[in-house]
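A, B, C and D are the chain letters, set down in written order, and residue numbers restart from 1 in every chain.
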């Protein structure tokens, strides 16, 4: 199973709806399991500085198959992997990057969201990922 | 006037429809007039190597306010600006990058398409740009 | 409303005057709202290492629409966004980057200053931004 | 003798006046003899894609102590140094980059201009360099 346009459109529609519901324009990136871009949307009014962050969160989640903030656990003070965030051309290690998996748990790709407070970004990313996985 | 989500969705829908009509999956990038990404779609089956080309064509068209191949005229053998394609972190100077303008002629952004033969890329980019401008 | 040469010259004159008043030669960068350079001056004797810092502070303030040190609040220890300073090709997250806004609050661009102590940089950046906004 | 603010302001004023006279908004960059930026102005309406070209022309002229198009002679077909334009992080090898020298012929820096046709860029760069050297 792969990350089809159909799945991505479902994710994008859900992400944008969740962003509108909380009134925060977001940058939303969807990458495949190889971390190549599949789709991107910058909603009207979303911060320019958040483009790169959305892409980075999605890349981090795709490369490690886990939420971006879970990658952050390894490199926080006292963690096992100091400086991990400097690898892979730098990672983004706070919340808002979420893997997309199919019904068997296989990794299809990842979503990254940025534009609001971190908790808002994470909420929108989870809504998008849930929609992607609803029939994936 | 600026490049809104609404304009971009119209462009993307027209671009994807044109690509499907000729049976060639495409990468389609839409940037604003300052060359920041606004939207991107990689259709199912589109070449990975064409992601960067689509983005580069759109960036070239946005930065110079003309079709990507028109920028290429300046740097072809005997042209006025040899090596122009090496500036701005490298440009993409063959067809498939098209500016989007509003009714007054002001630059709103640019579309870049890659995935097929160059003539196919250009056809899809023009269809997308025409749809963007239809009510812009 | 956009960031015109006239506004920028007013900002540059005020920034240079403020720098001379405290006797510290500065690098002063002015970017537009999309973070493209509009003007730059390195005063005689200003540190070479501060060129990139001035540009980085202005870019940080433009991309996020806030003072560079306010961006730093998000990534300081215990902040919501650890490693944020690594995004966008690295940010500069200490004081001296200040947004320029018009009378309606819309972002026109940003000023970045570096060459002295951080408090001196901030003072000069604020003087330049105030002059830019005086009739903007 | 070094490239002072005073010299640079004279060059910038002359360059901008020459650009206004021909009605073409230009990007004008001034670098010192070590190729570090000293001053930059993007005139209202100047092409975004020409920012990097103006900087590249000035860098090329400063690094080699000759006009940018003279560097191009070495790497044109049949020249002695094919691929020279790929060195130094890429050079810009068409006209519009001009060295600034003092009365003894010592290199003080270089000016790079881009935004119009190549001949227009060269004309403005020469006007700026002549003004810089008038009392240098």
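Just so we're on the same page, a residue touches a chain if its C-beta (ideal position, glycine included) is under 8 Å from a C-beta of that chain, and two chains touch if they have at least 3 such contacts.
In UniProt terms the chains read A, B, C, D = Heme-binding protein.
Keep in mind the model is a prediction, meaning the values are calculated, not measured.
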item	value
Shared interface partners, meaning chains that touch chain A and chain B	C
Fitted rotation between chain B and its twin chain D in degrees, CA, nearest 5	90
Pair joined by more contacting C-beta pairs (B-C or C-D)	C-D
Separation of mean Cα positions, chain C and chain A [Å, integer]	30
Inter-centroid spacing, chain D versus chain C (mean Cα positions, whole Å)	26
Per-residue multi-chain contacts in chain D, two or more chains	48
Graph class of chain-chain contacts, one of line, ring, star, complete, other	other
Chains touching one another, given as label pairs in label order	A-B, A-C, B-C, B-D, C-D
Chain A contact footprint on chain C (complex, rising order)	34-35, 60, 62-65, 71, 77, 80-84, 86-89, 91
Contact footprint of chain C on chain D as seen in their complex	2, 4-5, 36-44, 48, 51
Contact footprint of chain B on chain C as seen in their complex	32, 34-36
Interfacial residue positions of chain D with respect to chain B in the complex	47-49, 52-53, 56, 72, 76-77, 85-86, 90-94, 117-118
